[in-house]
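By letter and in written order, the chains are A, B and C; residue numbering begins at 1 in each of them.
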Amino acid sequence: MKKIGKGSWEQFWLTYKNKPGSLAVLICVILAAAITVGVLFSLIIYILVNGVVHLKPELFAWEYNTSNMSMMPAIISTVYITALSLLMAVPVGIFSAIYLVEYAKRGSKLVKVIRTTTETLQGIPSIVYGLFGYILFVITLGWSYSMLAGSVTLAIMILPLIIRTTEEALISVPDSYREGSFGLGAGKLRTVFKIILPCAVPGILAGVILAIGRIVGESAALIFTSGTVAQVPGSLFDSARTLSVHMYALLSEGLYTNEAYATAVVLLVLVILINAFSGFIAKKLATR
Amino acid sequence: MDKYTIENLELFYGDFKALKNINMKIQEKEITAFIGPSGCGKSTLLKTLNRMNDLVEGCKITGTVKLDDQDIYGKIDVNLLRKRVGMVFQKPNPFPMSIYDNIAYGPRTHGIHSKAKLNEIVEKSLRDVAIWDEVKDRLNKSALGMSGGQQQRLCIARALAVEPEVILMDEPTSALDPISTSKIEELAMDLKDRYTIIIVTHNMQQAARISDKTAFFLLGEMVEFDKTETLFSVPKDKRTEDYITGRFG
Amino acid sequence: MRKYSENIMKIVFLTAACVSIIAVILICVFLFASGVPAIKEIGVSDFLLGDSWKPNQDLYGVFPMIIGSVYVTAGAILIGVPIGLLCAVFMARYCPKGLYKVLKPAVDLLAGIPSIVYGFFGLMVIVPLVQGSLGGSGKCLLTSSVLLGIMILPTIISVSESNIRAVPEYYYEGSLALGATRERSIFRAVLPAAKMGIMAGIILGIGRAIGETMAVVMVCGNQAIMPDGLTNGVRTLTANIVLEMGYASGLHREALISTAVVLFVFILIINLSFMALKRRADR
């Protein structure tokens, strides 16, 4: 007697012919996944198809002026602001995670408070960060619209992300490593820096890359902190616009759609690269 | 009457042959026990009887398994097969909902929505497994609050509620204490008047206590299949004898 | 010497851990200190319930924006939750391994695309589509809801997916063994077990939607009036801030900060319910 395969259409028909409800649900499920992927691909393809033609070499000129909306200064500012924010958030985030995982007593009151606050920070919308940065750094501390004000604001914004990913990375280091190191007479500090942190580097790195993605994509938190000046900043206290802010500025002026397309392409490619890299590291982690 | 007729059944997980040329007939309204050391294929065979093996990726089957002369690997509706062949799992697995909804889940699945009818089914099923009096006042409480033994009986009641013909039990007492175990065993013996029961057990005494027929499996092969009394008193195969006298396993 | 450095570093770690506490306190203090006086000056009910926002006449009623934010968020949830949840079901229960390798990074990428790019896409694609099929300017409540619905998809999907995956397999098998179809088993036995986690995901999505700024401001029309109809313009709390902060001064500027305070209070409530639900889901 011939068997019908588990995945065959015949079997499918036999299973669903009396169950129209289930069949409808199945179709909805597949449709939902198709819509999700479809939206993503149509967005990417739309931006790339319409944008690539506008990627002119002069858009990468050093100087931004009224006749040439070069995005080069914005690219450089993006790099500066990313580097500055990471410089502040990464050490604080890692140290904070080390305290939570290696030093704090489980379930202590302080740990609970820290957890609640990091979760709160994670939920605050970027526009609120922007206004906070504006009030505290720009106005109260008198830094005016500046790279520094923008970077500190972003550093606070990405802090919970760094803390969480580092925590996860530290927790996944087996306890036997700690015991092994203590067994050799190493102190806690030495164990943390020589044994545990090196093991956790890939996990931390994946978090840092995600944070870079958030910084590159951020606009609402920067407009009122680092401002929108489209020149290469000369000092920490100069205003600077990142690529995302550059794109917003182009769009809100309403005259520079083509340049906005080109900027969108650059942003999109950056984000895709960042995501791919973070995915690559995560995969490395999983196969380890 | 033969309920199941299994002919030349072989089962593969990828390249691994988990069942080798199984031929057996399982009698209606009896308890048939499958015994053998772990990994011998007894649970795998049980799962071919209601096609739960379909869930396992790379699982292939040759040969035939007939339920009342119908090839269950032929052109049939698997959902209907599973309605006819109920299953009780190793670990009690009540759904995270009320006791009432657990029992009503099956009937609702098969189109019964009348409140009166459902009430009747719930009461009858719970009486069948003898926990009606224990739970009748908390039918709307979560089933997860019951004890392990109660949960397992609830799961049996849940299986009974869809009016199956066969009940497959996959080591149903391995997660339970001795008192709960003996209750489940009594229950199984009560139920065999109305249902065909096939039970996988790693506990030879259990098989000897409750089953009418016993099949002994080793490394994917059915070594011996006979009346329980005969198999335990005068085993024909040396390997069966070694196993039941405790020389390995 | 070693003891000394051990102690120093322990204090350094502790200090770092306290930074997030300090940050939250600073945010609360500065936001409330700058926003609350203006609310007092305008009058609590005039500010929260006043239905006209006309800075040139010193009228600062944020009620239209509160309602705008609520409507837009509700619309986003109406669109994003069903699609996201079904997609999560597909990824957790149906997706072949090969396809998963495409789908998972796609969802991650969806989360990584900058809001401004979403806004641009909305402006160039969804706005003309809505304009063409339903008339009006196309910059409206519906467009904003669709765009935000897309933007919260990755949040809903990843939280739901991980919660569905965490449900023990025996619920699914138990249901199948009763003769239920695969779909019924997933939706009636597996999903109820993941309910709390999925709710937490939805609340997280609400937070994202209500706080989203740059994308919404591009497509919502920005009329500071009570929203009246799917194809009419709305203005959200977030849009209100971005649109006017650049040039506002005096009481106007303070009123905008007060707008952020209202938004912040919303977010705090949402956050607290998220944390409460997550804690229940983890148990």
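Please note the rule applied: contacts are C-beta pairs under 8 Å (C-beta built on N, C-alpha and C of every residue); 3 or more make two chains touch, one makes a residue touch a chain.
The chain lineup, named per UniProt: A = Phosphate transport system permease protein PstA; B = Phosphate ABC transporter ATP-binding protein; C = Phosphate transport system permease protein.
All figures in this text were calculated on a predicted structure; none of them were measured in a lab.
**Q** Across the interfaces B-C and A-C, which one involves more C-beta pairs in contact?
**A** Pair with more contacting C-beta pairs, B-C versus A-C: A-C.
**Q** Among all chains, whose Cα centre is located farthest from the one for chain C?
**A** B
**Q** Quick one: report the Å distance separating chain A from chain B, using the average Cα coordinate of each chain.
**A** Roughly 51 Å, centre to centre.
**Q** Give, as an integer number of Å, the spacing between the C-alpha centres of chain C and chain B.
**A** So the centre of chain B lies 48 Å away from the centre of chain C.
**Q** So the centre of each chain is just the mean of its C-alpha atoms; given that, what is the distance between chain A and chain C in Å?
**A** Centre separation, chain A to chain C: 16 Å.
**Q** What residues in chain B touch two or more of the other chains?
**A** Only 79 qualify.
**Q** Two or more other chains in contact with one residue: find those residues in chain A.
**A** In chain A, residues 15, 19 touch at least two other chains, as defined above.
**Q** On chain C, where are the residues touching two or more other chains?
**A** Within chain C, the residues that touch at least two other chains are 181, 184.
**Q** List the residues on chain B that touch chain C in their complex, please.
**A** 50, 52, 55, 79-84, 86-87, 89, 91, 93-97, 105-106, 109-110, 155, 158-159, 162
**Q** Quick one: which bits of chain B touch chain A in the complex? Just the residue numbers, please.
**A** It is residues 54, 61-62, 64, 71, 73-79 of chain B that touch chain A.
**Q** Within their complex, state which residues of chain A touch chain B.
**A** Interface residues on chain A, with respect to chain B: 1, 3-4, 6, 10-11, 14-15, 17-19.
**Q** Taking the touch rule as given, give the residues of chain C at its contact with chain B in the complex, in rising order.
**A** 168, 170-171, 173-181, 184, 188-189, 192-193
**Q** Report the residues of chain C in contact with chain A in the complex, numbered from low to high.
**A** That would be residues 2, 5-6, 9-10, 12-21, 23-24, 26-27, 30-31, 34, 82-87, 89-91, 94-95, 102-103, 105-110, 112-121, 123-125, 150, 153, 157, 181-184, 187, 204, 207, 210-214, 218, 238, 241-242, 245-246, 256-257, 260, 263-264, 267-268, 270-271, 274-275 of chain C.
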